[in-house]
Amino acid sequence: MEDLTVEKTEWPKPGLMGFTVERVSALSDGVFAVAITLLVVSIAVPTIHGTVTNSKLAHGLAEIWPHFFSYFLSFIIIAMFWISHHALFSAIRRVDRTLIWINMLYLLLIVFMPYPTELLSLFGKTMVATVLYASVLAVAGILQAAMAFYATRGHRLVDDEFEMSQAGEYLRNSLLMSAVFIISIGIAFVSVTAAQFFWLTLFVIQLLERFVFGKKQRSKPAAEIQEAG
Amino acid sequence: MEDLTVEKTEWPKPGLMGFTVERVSALSDGVFAVAITLLVVSIAVPTIHGTVTNSKLAHGLAEIWPHFFSYFLSFIIIAMFWISHHALFSAIRRVDRTLIWINMLYLLLIVFMPYPTELLSLFGKTMVATVLYASVLAVAGILQAAMAFYATRGHRLVDDEFEMSQAGEYLRNSLLMSAVFIISIGIAFVSVTAAQFFWLTLFVIQLLERFVFGKKQRSKPAAEIQEAG
Amino acid sequence: MEDLTVEKTEWPKPGLMGFTVERVSALSDGVFAVAITLLVVSIAVPTIHGTVTNSKLAHGLAEIWPHFFSYFLSFIIIAMFWISHHALFSAIRRVDRTLIWINMLYLLLIVFMPYPTELLSLFGKTMVATVLYASVLAVAGILQAAMAFYATRGHRLVDDEFEMSQAGEYLRNSLLMSAVFIISIGIAFVSVTAAQFFWLTLFVIQLLERFVFGKKQRSKPAAEIQEAG
Amino acid sequence: MEDLTVEKTEWPKPGLMGFTVERVSALSDGVFAVAITLLVVSIAVPTIHGTVTNSKLAHGLAEIWPHFFSYFLSFIIIAMFWISHHALFSAIRRVDRTLIWINMLYLLLIVFMPYPTELLSLFGKTMVATVLYASVLAVAGILQAAMAFYATRGHRLVDDEFEMSQAGEYLRNSLLMSAVFIISIGIAFVSVTAAQFFWLTLFVIQLLERFVFGKKQRSKPAAEIQEAG
């Protein structure tokens, strides 16, 4: 991604009705923390008729296993989004109204996640629930890429030393996450189970990334690492 | 707004039973984050009788569309309030008991929002639900203006370099938000639908502001921007 | 309160398995923010049979007014506790395991508040609900006083310049809050309504404090204020 | 624990798509705060038929005492975990993807706690609920030990001055917590009540630790304490 002439966001005197990266991060962390915790509310407690016995309870829990699966899946996916958000904001030095609004729409989708998660728990075998779940995450991934693009384009909201190659890598990863969900929507029209299995590709990508990222890091010249302290 | 002789809030030695802007911001961010996330709890899960099919689920979701509309509307409005709160507190350098209490009453209304949102989802066609919703937000806007007025009057809680013209602009915007909701209450007595449509004026104002604000920024002398670095 | 010889809490090298005031404050703020927000969940949505009309909804809302009263009351009381907590922690420079545990038990009661609030909404005319509500807050006030006592005794966890007279004032205020609730428990055995009205004494105290506090501040020598900058 | 040659995590230039200890702590604190607060939601409100009287309400509350017990137990245990997490992260200077993911899986279990707590409230006399409760906490303790091991091994993510003896002590404590829960699972096959009583060992350990830790601290040379300032 080459560095074009983009009008950088300028700031009024600091502290006068300005915005701070810290509070945007703080609100985002709060929202992520609550959204990730509300997921547990969607796990139903098994209803047991008559005397409670171990076998009845075990049976009841076994029956609601899709709830545990949805909980686990949504937790890990939201965690992935949080890690990406964290990585992006660690590079951002300034925020402006446009970035805040893209971030807000992105958070709107993250906060919404407990709802499609609950639908997936209850109606997981339907195409409708599967497509809704995948759509929300696909759009979230696109908004994340949009944030990264907006913030780094022409070093608008990042340091001048920011390496644009990192932005390219970040965009690729965000859009790859979206792509997985968009493709799964297509698959869902044929087979809902296949679509849901396809989501696991995300974990494979994550592991591959780690492997590749790990290799790159190791090959960095020692001088640069020293200086990073 | 001219700078009158107002008794500035003085402080005991720092750290001795004093209040910090940081913790007031932290509590406020936490409250906003939870309030904005609890909205999703108010979206009902469609009840489906008999075998679950795609058409039944799609039909069920279509039936509860007012829930999605309320969720979206409240999220965006709370986001607007958070952005205003953030802008105000970025200018505030000190807090005192009066400001904390105005802020608390303001947060009381923000935290209350999931309730009128749920009423709007369930009984959106009634004047009562519409008026309640608009009233809470009208008062929140007035309290926000009160906070800004109290904090900036005579540079009570802001830096000496704080430009009072900004306070005027801020007050105008906060009261404009309140005005939209107050006017909508009047409209609701004639037509509930018209009142709810009138709320969309807020988004128009937001866009106009951005346009005007953007123009102002561009015309700032380069020297001042340089110094802001 | 005179300064006795108390063993001050000493610290291992900074950053090595130590505790920080920042994270204890952050957890406390998070807990307060969620507790204060969960209160709204306890407000019931009116059940309406047949067609929804304005008069039915207005009537339904009027019927659940004790819910609104409980919400408002608990919000203001938790806000008072938060302000006290904030004031105390702004003076604390170090934390140790004992303080963290007193704080945890204190937060246990704050977090519990949505439950007695809900009981008060549902069964507000009973002595049992009234006494439970008052008891939780009475103990919370005592724990707050205990924290202040432990932290300031012999300047254990505060700066050496910390004025002990402030600690005395703080303890008086915390115990006064507890006293209001303890006395109200006694009153509840005679009249539940009287006991609940007695809680309003808290607001009167708050206003008196402000008035007295305001007068004290004004009479401070200018030199000291200058230095506080 | 001797210091082996482990490849330390190196970092790209600071601020460029890096991770910060601050935001990982902030998310963790948020998650802990919400999880600890959601526990209260699991306490059932007693259902009362006919006119509400004091004796009926008192009776109703007495009947749900296991809910209060579970709430109290889970609150204290999550508080213990938070304190350990806090202690560990106060020593951590850098974070990498591996640590973040171990932390996420650990938080997944903390966030899940309101669910087994609710099961314990409702079906506390069954082995299934008891074993599930203990299992979640046993795994959480192991993940906490894994985090400490990963972070301190070869001073990977801690300061060079970090004393490895502290890491050993920390690991011992984390695994001791897990051990209590693992042993209780075995006991639960014989007696559920005995298993639940066995959990109280944790509080005994906590008190013993304090006593031992207190003694150690007192015997530190004054010079070192001075320097810690």
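When the chains are written out, they are named A, B, C and D in that same order, and each has its own residue count from 1.
FYI, a residue touches a chain if its C-beta (ideal position, glycine included) is under 8 Å from a C-beta of that chain, and two chains touch if they have at least 3 such contacts.
Note that the structure is a prediction, hence the values are computed from the model and not measured.
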>> Shared numbers divided by all numbers used: is that above or below half for chain B and chain C, i.e. same or different?
In response: different
> What's the chain with its C-alpha centre farthest out from chain C?
Replying inline: A
> To lay chain C over its twin chain D by CA atoms, how big a turn is needed, in degrees to the nearest 5?
Replying inline: 90
> chain A to chain B: how many Å between their CA centres?
Replying inline: 26
> Just how far, in Å, is the C-alpha centre of chain C from the one of chain A?
Replying inline: 37
> Which positions in chain C touch two or more other chains at once?
Replying inline: 26, 29-30, 33-34, 38, 41
> Across the complex, what residues on chain B touch chain A?
Replying inline: 25-26, 29-30, 32-34, 36-41, 43, 45, 48, 52-54, 57-58, 61, 71-72, 75-76, 79, 82-83, 86-91, 93, 159, 161-163, 166, 170, 210, 213, 217, 220, 224-225, 227-228
> What does chain D use to touch chain A in their complex?
Replying inline: 10-20, 23-24, 26-27, 29-31, 33-35, 38, 41, 97, 100-101, 104, 107-108, 111-112, 114-115, 118-119, 122-123, 125-129, 132
